[in-house]
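Letters A, B and C mark the chains as written, and numbering starts fresh at 1 in each.
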Amino acid sequence: MAIEVRDVTKSFGGTPVLRDVSVDIGSGSLTALLGPSGGGKSTLLRIIAGLEQPDTGTVVISGVDATRLSPQRRNVGFVFQHYAAFKHLTVRRNVAFGLEVRKRPKAQVRRRVAELLELVHLEQLADRYPAQLSGGQRQRMALARALAVEPEVLLLDEPFGALDAQVRKELRTWLRRLHDEVHVTTVFVTHDQEEAMDVADEIVVLADGVVEQVGSPHEMYDNPANPFVMSFLGPVTRLDGRLVRPHDIEVCAAEQPGSSAATVTRVVRLGFEVRVETRVAGQDVWAQLTRGSADHLRLDPGDTVYLRPVSNARTLAGSG
Amino acid sequence: MVTRYSLRVLALGYLLFLLVLPVGLIAWRTFARGLAPVLTALTSPSAVHAFEVTLSVASWAVVANTIFGIGAAILLVRHRFPGKRILGALIDLPLAVSPVVVGLALILVYGRFAPAGGWLERHGLQVIFSLPGMVLATVFVSLPLVVRAIVPVLEELGEEQEQAAHTLGATGWQTFRRITIPGIRWALAYGVVLCLARALGEYGAVAVVSGRLVGQTQTLTLFVEERFQNFDQPAAFAAATALALMAVVTLLLTKFLRPKD
Amino acid sequence: MATIEARAAPISAPPAAPARAPRPRRRPPHLGTGLGLGLAVTYLSLIVLLPLAAVVWRGTRGGDFWRAVSTPDSWAALKLTVGGSLLVAAINIVMGTVIAWVLVRDRFPGKAVVDVLIDLPFALPTIVAGLVLLALYGTASPLHLNLAYTQAGVIVALLFVTLPFVVRTVQPVLLELDRDMEEAAHSLGAGGWLTFRRIILPNLLPAMLSGGGLAFTRAIAEYGSTVLISGNIKFRTEVAAVNIFGRIENDEITSAAAVSTALLVVAFVVLAGLDLVRRWGARRGD
């Protein structure tokens, strides 16, 4: 294990933020800490980095108890949401900072910085100041800076949170590829489930200071441990008192065993996907169809259809 | 932790010996023998006269600089013309000039033996060694304060509200009175308070142009110095404490009025 | 001569246009603009520009400038003024930064009061400042520390009146300083002192220099607070402003103008330097 977090609790001014959290993160993995804002995921990341102290519990990094180590002795790379660029230093000097602080020989620093600038595609901008870079470029600089010291683990706090949608998607793919190249144990915090499923090979869902579930993206999507995880990872609707994914609902023209009668209230065409909104016994239920199957059924508002979960659908008894 | 406490002790110790103890000591010495001697000292004819001169000079200066300040700020923020940067720099200029040099400069233009001053005097207006010169000196030293207070707020306010007023049929004057002035009123009050404080407390420039004629052109600050040099410490301390109290009031006013950023 | 000079941003360089509402580049000059400009320039000329021009003209005409400036008493006064002001600026840069640091990063009861007190020297009339210092550090000093009629006394007076400059320029920068930068430096292996030296200090430097420069220009111009405590002893404690005052009193107007011109030149050189510092700071910042 690269990181072992054991029974960590943390409160801020009497408000508990983490409650008995234990997480193991495997060497070389790319893990997402996923959850709603205020769920404690950033706090957990900062505790791993040593930027916060846990009230109780331990943090072990590469087999060494790091709980009481100051951040500068942990050898972690940390990337901040708002980049934390050193404004008075050029890109090159930003990336070199950790190596200079470690008093590495000048030639080695130069070589390593050049390597990293190439890795993050900033060779051309090496002599600019952070103020002269775009958000995405700054974030890549921050990543190179964190990687320069060859950290045991790389920690990223909402790394793409401050970027616009287009750049965010690009950087996501790029981070995935970078990890495949560098293989450093990486943990990133995000509140965006799509981002977590796209990039990570392991997801830790944190809500209200508690770990709700740990697993690979598809495992977690297919077998959510509870209604919270299910609804956080993707759309859900409620049919006959059970939570079910809208794409797992079968829409039939005639009554079938186990189906419920529904009145179509609205049909929304979103390109390939068609969203069918219905009412079943006074409850709103919606189903997601492909365009082909929707065309086949010829749905119009007011029609009566019959809904049931598809045979292998994962459903959960819904609470709340 | 150790660093934190030593820095705190260093900072507070410095402030204690440079600021708090000296100012506190003056207040203590002033009131050491009760309120009565202070009131006696402050109600002597020369002290009362000094108060009157100070108030009169300060009011004229504040009125002049407020009108100029509003106009110049609008000019700098709302209008475009070549040389705008230079005008801004010129308005800041008085802050870099020694008060004594201000006095000398005014004497060189408005003194009896200067062309302008001579002409004015032949037409019955004595500037130097008289009230108009003291007003001029005070205006000079406090000139940028109102402008500086208004400019950032006027910039922040933007032009859209004024343009909206125009589209609704308001004339230039109506827009100014009903939109612009209410928008900058706190900044304006802040600038006026700063200007007033500076005008009440001015010493060097007024010392040069007033001629320091006791009972005629003596302001409160000149009174403090003159009483002190004549070994009348109670009167000097009483007037100094009065001025210090005004300073504290100003300070508190500016804290309330200061534009929050 | 006191007040609140370091607070508002200087208006010398107003932004070319408000960032949010771009306006058409060229608007034909307005009739009101011309009228207003005319009035403003007239007012400025009558009160500031003509009188200052008269000082420079009177001080430099006929080659009397160097003779007046290099008379032993004026030269000594100018040397004390510039040297003392440099020392005062240096002390302010250190102590002002320490005070700003404590006000921003430390917490203790009564901090808000201390924060208000910092501005007192700007609000207090300078003659009162001089009197106040003389009470504590004069011949009747309760601390038995008599600085009256010494150069140390002059320095203390200048430190008093310039106290707020560095504090008030550094404080906002320190407040806005991105704490993430310090955490990033920690996580990259830098300890407390190294982080301060390599990350915090370079970011504060423009503000420290700028505040120090303002304190310097204020100090060389200072008159009121030094009058009482210095005793105005020629060649020892007489500062330039006092020297000029003496020459005016003795009707030596030309030499007074020459020394004034020297003082103005020093002030403008420093202000021009400050403008460079400001641009340097602005170039890096975002």
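The rule is short, and it goes like this: a contact is a pair of C-beta atoms (placed from the backbone, for glycine too) under 8 Å apart; a residue touches a chain by one contact, two chains touch by 3 or more.
This one's a predicted model, so the numbers in the text were calculated from it and none came from an experiment.
Common neighbours of chain A and chain B under the contact definition above: C.
When every chain is reduced to the mean of its C-alpha atoms, the one closest to the centre of the whole protein set is C. Interface comparison, B-C versus A-C: the higher number of contacting C-beta pairs is recorded for B-C.
Ranking every chain by how far its Cα centroid lies from the centroid of chain C, the top place goes to A.
The geometric centre of chain A is 59 Å away from that of chain B, both derived from CA atoms. Distance between chain B and chain C, defined via averaged C-alpha coordinates, is recorded as 17 Å.
Inter-chain spacing, taken between the CA centroids of chain A and chain C, is 52 Å. Residue ranges of chain C in contact with chain B, taken from their complex: 1-5, 7-15, 18, 20-21, 23, 26-27, 29-30, 32-34, 36-37, 39-41, 43-44, 47-52, 54-55, 58, 95, 98-99, 101-103, 105-106, 108, 114, 116-121, 123-128, 131-133, 135-137, 142, 156, 159-160, 163, 192, 217, 220-224, 227-228, 240-242, 244-245, 248, 253, 256-257, 260, 263-264, 267-268, 271.
Residues 49-51, 70-78, 80, 82-89, 97-98, 101-102, 129-131, 142, 145-146, 149 of chain A are the ones touching chain C in the complex. Taken in their complex, chain C has these residues touching chain A: 178, 180-181, 183-191, 194, 198-199, 202-203, 283-286.
Considering their complex, residues 3-4, 7-8, 10-12, 14-15, 18-23, 25-26, 29, 68, 71-72, 74-77, 79-81, 84-85, 87-110, 114, 136, 139-145, 147-149, 151-152, 155, 158-160, 172, 194, 197-198, 200-205, 207-208, 221, 224-225, 228, 236-237, 240, 243-244, 247-248, 250-252, 254-255, 258 of chain B touch chain C.
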